[in-house]
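Here come two complexes built around chain A, the first alongside chain B, the second alongside chain C.
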Partner chain A sequence: MSSATTNEILPRHADLVEERLVRWYFYAALAYLAISMTGGILMALQLIHWNPLNGIEWLSAGRWRMIHTNAVAYGFIANAFLGVLHWSVPRLTLQRVLSQKLSYFIFIAWQAVVLCTAAGIIFGPTLQAQDWVASLTDQLHLPMGLGAQGVEWGETPFWIDPVALLGLALVAANFLTPIARSKGSMYVTLWYFMAAFIWTFLTYAMGNFLPEYSLTGTSAGAVGGLFIHDLVGLFVTPLGWGTMYYIVPIILEKPIWSQGLSLVGFWGLAFFYPLQGIHHFLYTPIPMFLQYGAIISTIAVEFVVATVIINFMGTLWGDGRKVVTNLPVRWFYTGMIFYFITCFQCALQVTLTFQKLIHFTDWVVGHAHLVMFGVFSMWIFGMMTYLFPILLNKPWYSRRLCEWHFWLSAAGVFIMFLDLGLAGVFQGYYWSSLQPWDVSVTGSQPFWITRMFAGLMIAGGFLCFLWNLLRTARGRSTDSPTAVSAPA
Partner chain B sequence: MNDADQSSPKTPQKRTATSGRLKPAVLVVMSVLILVPSMVGFIMKFLEFIRTFQDSTDGAFAITPMLNYLLASLGFFSLLVWAAANGMFRDIEQPKHQMLANDARLNAERAASLR
Partner chain C sequence: MFESKAGIFFIAGIGFFGFAFLSNAVVPILMYKDLPEQTAEEVVNPNILYQFKELSRRYPDSFEAAIGEPTKENCAQALRLGRQVYIGEGCWHCHSQFVRPVSNDSKRFGAVSETWEYQNELQRPVMFGTRRVGPDLSREGGRHGSDWHTVHFFRPKTVSPDSPMPEYPWLFDGAPDQPNRRGLALITYMQWLGSWHSTYPYYEELDALAYE
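This part shows the complex of A and B:
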């Protein structure tokens, strides 16, 4: 956190923040979320035997599922947080990013990475079946095929991996420079952001290179588990918490309850999170002491999460009504409640007896949706609800549409989470009672139908947001800063 | 869109005093709750890892995730030491006030430039 006394002249906002780039990142994020939601709905339809694209190889359900997950992680969440970073880091450090030209280059390069990944997923398997591609692969001694790789969330084609890693290094250089140039003690948000740049680079390298080039079998499986979990915990989580620590005090117009407690949370995350990914691989041939280590570190992280929740509830204390009246605050605190639920689920999931029941079931799918949509996407929507009127210099076209967006999203994801959690328990009992696989599939149908409607609710809320944004962008600009800076 | 937020800013001194007493207590309790058991657990598991690595083949394929963890943690431990040595935690609550003040001034400057 750069310290500037009240008498010191601050740089101009326009010199610090490239608002156009923030808008572009947000628009790109929303476009990828639309693609991801389409993929999710198609997958939901597939499970209840209503897939409208049945028989089209390029658009088969297996490929759409990967589009769904990759578009969320690298398309929606990465772009949205890059937009947030371009707004918040210069304002926190009072320093410009390393280079605005580099920022625009990264924007274009990152879209290319995401689109190439999508192309690899959709066309890769078909291309690999062609004789000429197989012969080219042999001739060039390529380590693997041209399409998606067999690592969950690491499906980026192998030829994209070095480019993506270079992109992450450039992102780190672009934002770490202003952080390094800032003076005085750092605000907690900058600690989280700084860590995210380093962790994301290391996590991406670990998950996309080690299992492909140097590890096999259980060892590769262990690293794959670490990768999936660290992508959530070391890429998305620090960016999410960093954003929350930045924006919540600003909207509530009072400082965070305790910066000291927030730093305990940060260092706790730094030391205890990286080991817990193996908790997804309990009962595997991975040595038991590693599995127990993952369990212990997961329990340690529960305490870390408690510090964050206490801190934000302490900050809200006395202003609880703002959760009702102020839409961004409502998005943030609803996401926080969901975050607490997901972390509580984690504590259950790492007990060996419970893991035995829910492993490989839809419980995990419900958990993942609550984390990625119920928590981080909600925080991003809160941030967009706050920032779009400022970026466009226009108030929201309709508060009612904002409300519909919130309620459909919150209700949809909560129903989906409950439904899939219950489905997971049923599936676990079907399997543990050694009934035929088909019985569990038939028994899951009511849950999958409910899930599809929950997904449609979320998609409906998103359409409300898109329509509202379109009408807002077309609306008349305001020169009233009050109406703009207090958007919802 | 008009903000419907009608809540008036109220910070009663009584609440502030209670919060002032509560905050250090929560900080100490949470620090002890997190750091002590986690450190004990970590050290025990690390010793167990060294024993396993020396005595059996199990450790051979467990070493990759452990090394990943240790390398990343070493970096962050160095950062923690560097931050403490450079006084980052000396006036620990100051940055949160500075951040709000700076943001308010930037907002005011931006609003003025729009007029």
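This part shows the complex of A and C:
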């Protein structure tokens, strides 16, 4: 595979990478993605009046709406990236993680965190209605409910937050140690990963404690906006791009096009991205000059994004056909195109002119799906498509199912994005034209129905992947594992 | 510096994060430090107390069993629980709580939201919201009677046939005229929203809405 395993002076792959843990993380990620999709479909059915489970407390669409987002962020994306990190960090640094025992502890602890979050969201409000719980919370003057917290993406119940934060600190220690011990200059990927460990910890601490315990009203809104934003920008994004800088040159078998542009991309993201938090709450009572600042830095970061995309297109130059033949490369570059679209969209939708119309509408929901699924989930699927044959020591059971997975996912999310974007424009005009509220709801139905089918396409692609994986895992081993469609 | 471990750890990792926190969070915090945070007891006003008492007369048995007397203290407790239900059931993912100065929001929902309205315990964390499937609720108090709310929470389609809002029968003991503790608390919270404002209760400018 890489030169690290063949060169005798360097440590062997088997000593560096705990492959079993990578597999476990991927399996956990896939399980949570299935749960998340169930929540998404439930909410989609609710909106079009087709929810057969309406009125059942533990299956309430309102609670499962939060399961949908939390299972994606902390279940799917976090687990999948932890798997990728356990593969890539030891191989890049030629050092083992701090402790393999700690790695397994973190794995179990993190699953407990995610499951407790889900249990808290679903059962917390019910439990709270019990008389003995109610009297206990009264005695303790508990300001929060046992269920979700009122911060978007930070719904993690208050009693899990300290454990989750401790887990993030352990993750940082486990991976920062090999990075610190590594010799020579650091590769781009490690810049992103290193920053991500610090940012994720700080972001989580900021969003899950300040607005709950010490800040009220408008200031809490500002911090909440910063949290929503940093969670995507400083946790998921650097892990995603770090992975791309790692894997794309390996598969294309050539170095990244420009080291200089890598520098611009990283430092530009690091500086401009966190300054944008307030753009989630434009036209709120948050002071206007702060809103302008967030808008300007949002537009600035699009230029940074352009340099990163140019760098990767430059790397692909001459190998364009691999996008057709090599499945992981196709997942990665499709994700990058979607990334460019969402970021370009950001630069437009962040302006006050656009905000007047599209704020609070499904436009934003479409945008969020293109980012979280169209970009980062696609990259994760690309990594899984690449790594599973190596981890299982077996080729994919069916290339055709891999293709179905790709096309259903890519087409599904893009249809959803276009559909919800258009729905947002309609909703915005329905509202500003002062038609009765119901008009905006009934007018949204065609879009919501289309969205549900787009969601089913995505889920269908995912089922193809799961089936393919199951058959692959049960299939016969090969002596020489090959990634999908290795060049002949 | 740009490619060194220390540079990335301290400047990008901690420095830039801190700078953003300073400009995006500390600045508004300092700006509003002179607006003290009110407790739930302090935001119980005559409007909501009237609604609270009305609730106790309308559902005397349920109210007596779940809350007791319609006192100011009990009202504050109900507001706290009501807000927890509002968060726990995910209401805030489909309803916003801020009236924008644009898009004719102020005609439909009432006065544009201001900072002082949010400086209380019941807006920690703040319930601005990010999506409006249903309408904004900043000025919801007093727009509907509590009987409308009970029926609406029990089965929204009864009073609003096109509504995609989920049903919440678990806020009741079997029937819409028997709200339980959580149901009564949530309705109290609904009636409180906007009750502090001089425009309470706010109704749409119906002339502007008569589009037909």
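Going forward, the second predicted complex is superposed on the first by the 470 of 488 C-alpha atoms of A that agree within 3 Å, B and C clash if a C-alpha of one lies under 4 Å from a C-alpha of the other, contacts with A are read in each partner's own complex, and residues count from 1 in each chain.
By definition in this document, a contact is a pair of C-beta atoms (placed from the backbone, for glycine too) under 8 Å apart; a residue touches a chain by one contact, two chains touch by 3 or more.
For clarity, every value in this text was computed on a predicted model and none was experimentally measured.
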item: Overlay on chain A: chain C relative to chain B, clash or fit; value: clash
item: Contacts of A:348 with chain B and chain C, given as first, second, both or neither; value: neither
item: Contacts of A:364 with chain B and chain C, given as first, second, both or neither; value: second
item: Which of chain B and chain C A:278 touches, first, second, both or neither; value: both
item: Which of chain B and chain C A:185 touches, first, second, both or neither; value: both
item: First (chain B), second (chain C), both or neither touched by A:326; value: first
item: First (chain B), second (chain C), both or neither touched by A:436; value: second
item: First (chain B), second (chain C), both or neither touched by A:313; value: neither
item: Touched partner set for A:62, first chain B, second chain C, both or neither; value: second
item: Partner chain in contact with A:115 - chain B first, chain C second, else both or neither; value: neither
item: Chain B and chain C footprints on chain A, overlapping residues; value: 185-186, 195, 198-199, 202, 206, 210, 215, 217-219, 222-223, 226, 263, 267, 270-271, 274-275, 277-278, 286-287, 290, 293
item: Chain A-facing residues of chain C, complex; value: 2-5, 8-9, 12-14, 16-17, 19-21, 23-25, 27-29, 31-32, 35, 37, 77, 80-81, 84-85, 87-94, 96, 98, 100-105, 107-108, 113-115, 117-121, 123-135, 155, 160, 162-164, 166-170, 180-182, 208-209, 211
item: Partner chain B, residues of chain A touching it in the complex; value: 1-4, 6, 10, 12-14, 16, 91-92, 94, 184-189, 195, 198-199, 202, 206, 210, 215, 217-219, 222-223, 226, 246, 249-250, 253-261, 263-264, 267-268, 270-272, 274-275, 277-278, 286-287, 289-290, 292-293, 296-297, 300, 303-304, 306-307, 310, 314, 317-319, 321-322, 325-326, 389, 393, 395-399, 402, 479, 481, 483-488
item: Interface residues, chain B side, partner chain A - complex; value: 1-7, 9-11, 15, 19, 23, 26-27, 30-31, 33-35, 37-38, 41-42, 45, 48-49, 52, 58-59, 61-62, 64-66, 68-69, 72-73, 75-77, 80, 87-103, 105-107, 109-111, 113-115
item: Interfacial residue positions of chain A with respect to chain C in the complex; value: 46-49, 51, 54-55, 57, 60-63, 65-66, 121, 124-126, 128-129, 134, 138, 143-145, 147-152, 179-180, 185-186, 191, 194-195, 197-199, 202-203, 206, 210-212, 215-226, 228, 230, 234, 263, 266-267, 270-271, 274-275, 277-278, 280-281, 283-287, 290, 293-294, 355-357, 359-362, 364-365, 428, 431-438, 441-442
